[in-house]
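Okay, here's the structure, questions in a sec.
Each chain carries a letter (A, B and C) given by its place in the written order, and its residues are counted from 1.
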Amino acid sequence: MSTFLSTLKYAKTDEWFDPATGKVGISDYAQDQLSDIVFMEITVSVGDEVQAGTQIASVESVKAASEVLAPVSGKVVAINEDLPNNPETINSDPYGAWFIQIEGGDPANLLDAAEYEKHCQERAH
Amino acid sequence: MTEPTLFELSSPGRTGMTFPEPDVPRFDLPEAGLLRDDLPLPELAEVDVVRHYMALSRYNYSVDGGFYPLGSCTMKYNPKINEDTCRLPGFLFTHPLQPIETVQGNLMLMYQLQEWLKEISGFAAVTLQPAAGAHGEFTGVLMMRAYHKARGDSKRVKMLVPDSAHGTNPASAGMLGMTVKVIPSDARGNVDLQALKAECDDTVVGLMLTNPNTLGLFDENLEEVIRLVRECGGLMYGDGANLNALLGIVRPGDLGFDVMHFNLHKTFSVPHGGGGPGSGPVGVSERLADFLPAPQVAILEPAIGDTPPLYGFVTPKHSIGRMKAFHGHFGGGLVRAYTYIAMHGAEGLKDVSQYAVLNANYLAARLRGTYKIPYDRICMHEFVMEGRVEGSDVRALDISKRLMDYNFHPPTNYFPLIVHEALMIEPTETENKDTLDRFADALLAIAEEARTNPEVVKNAPHNTPFGRMDEVKAARELVLCCWLPEGYESSR
Amino acid sequence: MTYIPISPQERDEMLKTIGVESLDALFEAVPSKYRFPQLNLPPALTEMEAASLLSEIAASNENVRSDLVSFLGAGMYNHYIPAVVDHILRRGEFYTAYTPYQPEISQGTLQAIFEYQSLMTALTGMELSNASHYDGATAAAEAVNMAFAVFRGKRRKVVISPTVHPQYRQVIRTYTQGMELELEGDDPNADLQASPQALVPFIDTNTALVIVQYPDFFGRIFDYTQLIEAAHAQGALVCVVANPTALALFKTPGAMGADIVVGEGQPLGIPMWYGGPSLGFFTTRKQYVHKMAGRLVGETVDSRGQRGYVLTLTAREQHIKREKATSNICTNQGLLALASAVYLAVLGKNGLKQVANLCYQKAHYAASALSKLPGVGLCFSQPFFHEFAVCFPKPVAEINEHLLEHGILGGYDLGQDYPALKDHALIAVTEMNTRDEIDTLVEVVQEVLS
C-alpha cells in the first residue's frame, strides 16, 4: 500500500512538491511502480529556470526507465547532489529523497494527497 | 557447479599457442615511453581453453538443443550446410579492398542476393550493407529523412509508430531527432484508423509498421493505413522482423511499402550466434532507390557471349552515405542466406511461411481454452497470449521460468506492451507436431500447477543448472569485468 | 529441399484442430489482389547441388591463403587463426542460441561475454567494455552518440583527426546527419606530417568528443597523452580508435587518459570474410556506463547462491527507453566476441605479444627494403606498427596491377582519400608474411620501376 503525505502536493505524472520548502521528488506510488531503482541523474543545474512539465531528472530501475518532470515552474535553487550516489533511497524513503528545490513554484494546479491517491487508484485498474 | 573464469584458470607460464621465430633481421622497438608495461591476459594451454568453453556451452539452451519459441525472433533450425558454405576459403580469406576482378564470385553472389530479395519483397532496389535489423531500420529512416529533405520538404519531423511496435522503431527515429507519435491499436489489434487520421498531416515523415504486427496479426486495415499515410505525403516503413509469415504469401512492395529491412538471421536461417551477428539488408521502392547507402553492388559491364558480366560497386545518386566499414555482413550473413534461398526456390519459401503459420495457429488452438488470447483470430507466424491463469496469481514470468523445467525455452515475455502479462509465441516452421504437442501439454500442465501448487511455478526453475539471478545486485554493484586496471579502486 | 518436419497427414490433423480446410485458408486477412504472388526464383537445389554451386562461386575468387600473397590492410588484416577458435564457434550451443534474455539457461553465453568484456578492458587499459558493436566504424559512431548523451546535447562539435580511417569518418558522418553536429578537423588536405597537437586549435568548450586513431590510418604510433590533456582542459572527451594487436606492445590508450577506446576486433581470430561480419569493441570509463549504448553483462548470484551473470542496466536500452535511448542498437556481435575471447585465451599474454612482435619486425623489414629502392621512400618518419605509407615514382594502380600478375595483393592506394598522397601506398605486413614473400614484393616493385 502506497503512502500519500498530506503536507505535499502532487503532479499527475507522480512527482511531489513541498510548498513549504520547494523540494521536489517522486511519490511512493511511483517508486513502487518502477521497482528497484539503480540509477538516477538530475538533468538541470542550480540557477536554471524550469517550466512545469519539462524534464528535470531521469530514473532507471532494473526493468523500467522514467523521466521526472518539474511539477511547478520556477528557479532551481538547489539540487540533491548525493542522490545519484544513493538512488536506492528513492525506494526506501521516497519523501525524504528530494531531487531539486524550486523557488517561487505555484502549486495551484497540483493535486492534494486525497486527489492524488484517487488518481493512483484509477490507474491501477 | 560454476565454471571459473579464464582469469581464474590462468597459471603463469602456460601457453596455448606459439608462433615461429622471426625470419627477418631484428629491428628495435620504439623508446620505452611508447610501450606498455604489462599485458594482463590469462595464460592457458589449449586443452584448458577447450574444456572451459565446453563447460560453458553446456549451460546454454540453443535451437540445436530444443524448442525455442521466442516470439519475433524466428528461432528456426539453422541448416548445417550453411556453416560449411560460409566457411569456404574463397569467402573466408578475401579482403574487402581487393581489386574487384579478383572477387567476382563474392560480387556475383551479392548481386544475385540483391535480385532475389527484390523478387521476394517486391521492392525496386536492395542494399546489403546494414549489419542487423536495427541497423537496417536506421538506414531506412535516414533514407526517409533524406527523401523529404531532397524535395525541400523540411517541415516533416513526425514519425508515426503504432503502440505495438518494437522498441527499435522509436529509437531509430529518436536517433535522428524526430518526434515520435504513438498510434494506438483498435479492438481487433489493427492500427486505429481514427487515431491515425488525426495525426496525418504535412509534418509526417512516415509510419513505421510491423506487419504482421507484434500480436502476430496481419493488419486488416493495411490498405487504408497505407492510403492515409501516402495521402499526407508520408512514407511507409515496414519492419521486416516478421517476414517469415509472408514469403510467397504477399510482397510488402506490392502492398505499397516504401522501405523495409530484412532480418537474414530470422527469416533466412542465419544463426543468431548468442545475440549476433545479424544481417539487415534494406529494400526500397523506386522513389527511394537513389538514396541507398554506398556502395551498392551492380553490373559494371554486361555479359557478352560467353564472357560473364563484370560486377562491381556504384554509388547511388543521392546516397545517404556509408553505414559501416566495407560491404555488410558478407560471410556470416549473406552467404548463408544465399545458400538457404538457393535451396528453397519459390515453392520452398512459400512452404516455409505456410507451415510457420500452420504451427502458430495449431499451438494457439491447443492453448485457447486455458490461456486468454486477447486479440483472437487466425494469426500469422506467432501469437500473443496472457501469461496468467484463472484462480491463480502466477505471472507470465513464473510461467516462463517453469517452462525451463520442462526443457523448453520460454516465449518472449512482457512484449508487446499492449497485452498484460504477454507471452509471445513463435514456433517457426521447423518444429514437428510432436514437439508442439509436448510444448502445449507443458503449458497446460503449468496452468494446472498454477492452481494446485502455485509455489512450484513461482520458484521455478528447479531443474536448470542455475536459479533466478539477482538482477538488482548486478545493476547496483556493477561488476562488469573480472579484471580491473591496477590501482583502479584506489584512484577513485 | 526444405527443413519442415511435418508429414501431409500431420498437416491435415493440425488443420482440423485449427478448424480450417487448407493452408491457403490461413491467409484470408491478406488482400486477395496481392495474395500468393508467383516468385521468379531459380529452381530449388538439393544440398549436394548447393554445396557444389557455392564451392564454385567461392573458388572463382582469389583468396589470400592459396591464390595471393597479401600486403593489403587498411582496416582488415590477414592473421593466423588458431584451429581451436572455429571448433568452439561451431558448437551449436553457442551459435544457435539467441541473446541471453533467460539467464538460467544462458550462462554459457553470458559468462563468455563477461570474459570478453574483461579481456577487452585488459587489452585497452580501460575500466569497462560493452558486449560489442557491429564493427570498428560503427563503434566509433556510437562513441559520438555517447559523448552527445554525456553532454545532453549541449556540446555540438566533434573533432576528428584526418588520420582516422576514411571509411570510419564516412560512417560517423552518415550516423550524425540528423544531430546538427559540427564535424571538424578531418580535412583531407590537412598537413599529414603534423603532430596530433595540430588538432588542439579545433577543441573548445563546445567540443563533445575528439577522435584519433592508434596506430593512425598510416600505421603511426603517437602518444596522445598531451592531446588528451588539452581536450580535457576544455571539458571534452577523447575517443581512441585502436588496433587490438598493436595494444599487445604499445602503451594503452587507457594509460594516455582516453575516455573511450573503440576499434575493429577482426585481427583477434576473425576471418576477413570479405569485410564482415567482424567485431566492434567499445570500452570506456565507469562513470559513463549509463550513457554507453549496447549490451552489458554483469556479475551477480542466483537464488541458490551460485555466482552467475546477467544482462544488466537494460533499462537504458531501446526496448525500454524507446526514442529516448542513446542508440537503437539491439544485437551485439555475440559469436565474434566469443571468437576474439577464444583467440585471446589461447594466445594469452605471450602469444599475443609474439604476434605483435612478428608484425612489427616484418613490417620494418619490408619498409626498410622497399625504401632502399631508387625513387621509393617512406612517407613518414614516426614510429609505426605493422603498416606504413610509401611513395612510389609511379601510380599505385600500375604497381599493384603488376604485383597482381605475380600473385601479390599490393597496398592500399592512399591517393583515393588524400590528394597529397597521390602515388602513395599503405603496405600492411603481418605474421603471415614470410621473408621470402617480402623479398619477392621488393623484387617485383623494383622490376616495375626499372
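We adopt the following convention: a residue touches a chain if its C-beta (ideal position, glycine included) is under 8 Å from a C-beta of that chain, and two chains touch if they have at least 3 such contacts.
The shown structure was predicted, so the numbers you read here are calculated from the model rather than taken from an experiment.
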Geometric centre: closest chain by C-alpha means: B
Pair sharing more residue contacts (C-beta pairs) when A-B is set against A-C: A-C
Chain centre separation in whole Å, for subunit C relative to subunit B (CA means): 20
Rounded Å distance between subunit A and subunit B, as computed from the means of their C-alpha atoms: 37
Whole-Å separation of chain centres (CA-atom averages), subunit A against subunit C: 43
Touching two or more other chains - residue numbers and ranges from subunit C: 313, 320-321, 324
Overlap residues in subunit B, where contacts from two or more other chains coincide: 471, 475
Sites on subunit A at which at least two other chains make contact: 38-39, 62
Contacting residues of subunit A [partner subunit C, same complex]: 38-39, 41, 43, 60-65, 67
In the complex with subunit A, residue positions of subunit B that touch it: 471-472, 475-476
Footprint of subunit B on subunit A - complex, ascending: 36, 38-39, 62, 88
Subunit A partner contacts - residues on subunit C that touch it in the complex: 152, 290, 313-316, 320-321, 324
